[in-house]
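Below: a set of structures, written as structure tokens.
Below, subunit A partners subunit B and then partners subunit C, in two separate complexes.
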Partner chain A sequence: MAVFKDASEVYLCIGGLFRRALTEPLAQKVSDSKISVRFNYSDPDSAITVDAKNPPPGEPYTIYEGDINFKPDVVMSMKADVAHQFWLGKVNLVAALAKGQMKAVGPIQSIIKLIPVIKPAFELYPQYLKEIGRADLTQ
Partner chain B sequence: MLPEFLDFSMRTRVMGAAGLVRELGDQVTRLGVERAFIVSDRTLEKLGLVERARQGLTAGGVTVVGEFLDVPPNSDVNVVERAAAAAGEAGGDVLVAIGGGSVIDTAKGMNMVLSKGGNLMDYQGLGLINEPLGKLVAVPTTAGTGSEVTNMAVIKDPAARVKYSFTSPYLGPDLAVLDPEMTLGLPPGLTASTGMDALTHAVEAYLSVSANPISDGLALYAIRVINQWLPRATLVGSSVEARYWMLIGSNLAGAAFSNSLVGCVHAMAHALGGLFDVPHGLANAILLAPGLEYNLDVAAGRIAELAPSFGVWPSGSEEETARAVIEAVKVLAKSCGLPARLRDAGVSESSLNEAAEAAVMDGAIFTNPRPATAEELLEVLKKVV
Partner chain C sequence: MATGYMGRLLRVDLSAGRLEDLPLDQDWLRRYIGGSGLAARYFAEAVRPADGGPARPDPLGPDNELIIMTGPLAGTPFPSASRFNVVARSPLSGIWGESSVGGFFGPHLKFAGYDGIVVTGASERPVYLAIDDGRAELRDASDLWGLDTYEVHARFSPDGWRVLAIGPAGERLVRFASIVHDRAHVAGRGGLGAVMGSKRLKAVVVRGRQEVPLADRATIDRLRRELIERGKESLTLQTYREVGTISSIELSLMVGDMPTKNWREGLWEEGLQALGGNNYNATILTGRRTCFGCPVSCKRVVRVDDQPYRVEQGPGPEYETVAAFGTGLRVDNPRAVARMNDICNRQGLDTISCGGTLAYAFEAYERGLIGPADTDGLELNWGDAGAAVALTQRIARREGFGKLLGEGSQRFAATLGPGADEFLMTVKGVEVPYHDPRAMHGLALQYATSDRGASHLSGLTFYAELGMAYIPDLGVEPPDSAQTSDGKAALHARAQDAGQALGGALALCYAGGSIVTGEEAVAALNAATGFDHSVEEFLTTGRRIWTLKRLINGAFGMTRADDRIPARFREPLPDGPAAGLVPDIERQLAEYYSLMQLDESGQPDPSEVERLGLSDVASCLAPAKAHPRRHRVDAQEGLVL
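Up next is the complex of A and B:
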């Protein structure tokens, strides 16, 4: 059974992680990367875009849920379950790519730029899930 | 220790013998194809190596339907698109690449475009090509890149002044023909620098955070072979035996790093190549020893494990043995007449900042054992400018 029952749960948990991170030091690092990344999820179908390329003044980045009307620098595709495990820090990125559990479209340089930036989110995600009463998803 | 994950692939059939190119057509037709499009460069055409391959193809019943002989030393996205268009018009059923890394990587880029459609840059990313491409045969004329067996291609974008890496388990050629007679004419300087490129592949593959037991075995033997044969191949270029073993060493190193990837030395070499056209092998030759010194704090044990392959007797602490390995790298490069300074490759100190910034964004840095910053890589570059 999939971790998330529908797209709204994906947006609450993973979208919420990006919103929660806005007040964390990692937001500045995401902002400094100046790239836009779209995460396409399946099962349930959903999409989240983090745009640090053209954020509103004073904001580190913009979060879009669902469709967007611009071409992001990088598009990463995976099952929402894999994304959930990834943000819990339980997915070996190299292994996931080799097994075809993830694919990435865009310059490899931009993808690599993201890796050190997003690492702090691995600790934040379970903490955030507990804050929203979804500690059941941290097991 | 139980490794977390193992992924190793090599789809290329490797055949090697002196004079094997004379039978190229026989081997190509065994792939079920008979209409070849040749990819090479003008220098190899002048040296008669393309003609030798043509004759080998036609003798075996293969028709040469077209050729693209304008691949430059550092091939780029525009060249790939032009060459793919020419091959598409010619309508062959196999690409035959005769050349060094630039030629073979160009053919890999062409194969993506011809097989999948669209533009080359559509295939920038990870995990994008998950099915076999068209048939590709590679005949290396240098012993360095190992591209005849790797799952990747490095192609420059002249507008962005960046070298892009393309990777897929299906990018590797179907057949690699290692004929030492095809490398006999390589001048000493190029023999040495391309050989040091192969050595760097093997060393960095062994130190990579993605190293695995299979790539380790290939890397260790590659180092042993290259350390033994590179000086002779450089100093006695007519030695078919030395040329053969250097092709083997380069091929082994290619199979190793194709699976475990490389590290900071390649990241810096890619940056210097993209920004200032520094030849890749020469940049690796100059940067391998300082790159190892940079990784010493976190990888002394793994560097020390290379000692027997370099003919160094392990003694003292891990760090002392690792330092002896680094010394052996310097001695090997010097014995082959290679420069030890970037200024000898036309790089000035004022350009190092830009190179360090580019290196830290290069794909190769991801698997370096020590997480690198631009400031640290700048210090490495400054040491050898």
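Up next is the complex of A and C:
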């Protein structure tokens, strides 16, 4: 059984993580990366884009849920379950890519640049889930 | 006669100045394939007591055999299979020494008509070995002696020779001297350059136009096409091409594998930014190179224009070197790292052991165990790239303090008295490569039981834990967690068999070859040789090779007591993703010994030896009674020999 019952849960939990991160030091790292990343999820179908390339003035980045009308630098595709486990810090990124559980398309240097950026989110995600009353998903 | 091979070895007796061709033993080809596996079988003959007595070659004496061996895929169109192995008894560890090298020398040795070279004896004067399309001869090298490896390369390469040479460090018997091919490809580990130096063999140069015979060329060609197409989709191979092995700096963040300040710290944000792949590309990268027949191009070309770290355009540092001279010493300047890499390549020094020995010296200095009076006046403070550069040059020349450091960190530590081994980062005398077993617990077992001292390349355990080795048909898959000891003994046993077969016997590159399945590797082997190996037999070959090397090490006095990890790996890191974690090495070892059927002394059980068809050679490799690797201080030289 999938972790998220529909796209709105994906946006609440994983999209919410990115919104929650806006107030954390992590936001500055994302902003400094100056890249845009689209996460395509399946089961349930959903998509979240984090754009640090063209953010609004004063904001570190913009979050889009669903379709977008520009080409992101990096596209990462995976099941929403894998994404959930990934943000919990329970998925080895390199192994997931090797096994085909994740696919990444885009300039390698941009993808490499993402790694130090996203690392702090692993601690933030379970904390955020508890804050929104979804501690059940941290197990 | 199996195809895939040229069918002969060149045996060189430098003492007698005699060269002879040896036919390849067909039974051994089937059972050891090539590379370090086949080399181990030939080497075992040299360990054998000729008169039944305890004949054990002195690593730097004339009886030590230095063997250069290719695999059956070298020189064929199969991609990422151009590597060859250099083996000998290591002057750094006193046990089996092995180093794998890429580039072009292996294929061109076969084009010159030979699968391998066995060198014994020692010449009275400097010589080099030239093999010119099937004709081999020893030539005077008086005018080459003292040249660095780039100068030797420049002397020969314009005439189409492929060059394997030692630098001044090998001539001066630095115990971690390397052998350098084409300026960029290095047999770094174990001090095999010093073995060449002890024989006064400055270089081996080869050229030729012979073709490698193949049993089934069509299959090799098909596999090549398929692998090249797959490689275009592989993020791993794209990463190797774009960022090189330096991508490990960034990837290390995922698991906490960032050895810093002689392994005391596990997270260094400034170092990550300064030394990582993106800044490397932005500051020093000027191009990329590749090995024979490999579409990946993971090799870096760099240039530094400004003093004090000026480097002419040439081979750039790879991950291990960046970590050894960068994070290990807390030097955050990629230009300084490139300079130290350049010195090591030219002079012929292993960058891992050199950086590890420097880091040890820096900590000894910090602890007050040594001072400026010991270091020729140099102050060894973390991050001082100038001091590191100066010491690297002195090690190569064996000058002053560099003479002592040129013995390696373990022998240096023995001069410092009690407690000095608390921060010594070696296994069996070999400095640990820059991956932290507190971040990948199975790696602790790999280090402890490797056939050549600390090595992350003796099997595929490290790559499996990192996530890069996914070869289900060889039983190698990334574990659920790198940071647990659960299940790691079984993983290591499988990954070791696979690694010994793929990287050891078949001489396949772990990087470019990371997309090759077990079935494809075996198909390529069979297509080259005409053998009918199954995947199962291939894995048994890996086990046979590891067991033979274990028997050889037993003959050199190695026991279970030597299967250990540095004390620091039992201390948790204070920071980073691996903070607070240590591997349970005792449990892993106990499980591993059981799986591998090793007895109380650490030697393979006779039933396992028989199952693997090693009884004939095992009877001649009886374990030494006395441990041969005791160190002593020479009162006059101040060295530990």
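One rule holds for everything that comes next: the second predicted complex is superposed on the first by the 139 of 139 C-alpha atoms of A that agree within 3 Å, B and C clash if a C-alpha of one lies under 4 Å from a C-alpha of the other, contacts with A are read in each partner's own complex, and residues count from 1 in each chain.
Just so it is clear, a residue touches a chain if its C-beta (ideal position, glycine included) is under 8 Å from a C-beta of that chain, and two chains touch if they have at least 3 such contacts.
Since the model is a prediction, treat every value here as computed from it, not as a measurement.
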| item | value |
| --- | --- |
| Simultaneous placement of subunit C and subunit B on subunit A, clash or fit | clash |
| A:Lys119 touches, of subunit B and subunit C: first, second, both or neither? | second |
| Which of subunit B and subunit C A:Ala98 touches, first, second, both or neither | both |
| Partner chain in contact with A:Met1 - subunit B first, subunit C second, else both or neither | neither |
| Candidates 41-49, 185-193, 563-571 or 599-607 of subunit C: the single one with C-alpha clashes against subunit B | 185-193 |
| Overlap of subunit C and subunit B interfaces on subunit A (superposed complexes) | 92, 94-95, 97-99, 104, 107-109, 111-113, 115-116 |
| Contacting residues of subunit A [partner subunit C, same complex] | 92-99, 104, 107-109, 111-113, 115-116, 119 |
| Subunit B - residues contacting subunit A, complex | 4-5, 7, 124-128, 130, 162, 164-165, 167, 210, 361-363, 365-366, 371 |
| Touch list for subunit C against partner subunit A, complex | 235-236, 238-239, 241-243, 247, 250-251, 253-255, 269, 272, 276-278, 281, 466-470, 477-478, 482, 514, 577 |
| Residues on subunit A engaged by subunit B in the complex (per definition of touch) | 74, 92, 94-95, 97-100, 102-109, 111-113, 115-116 |
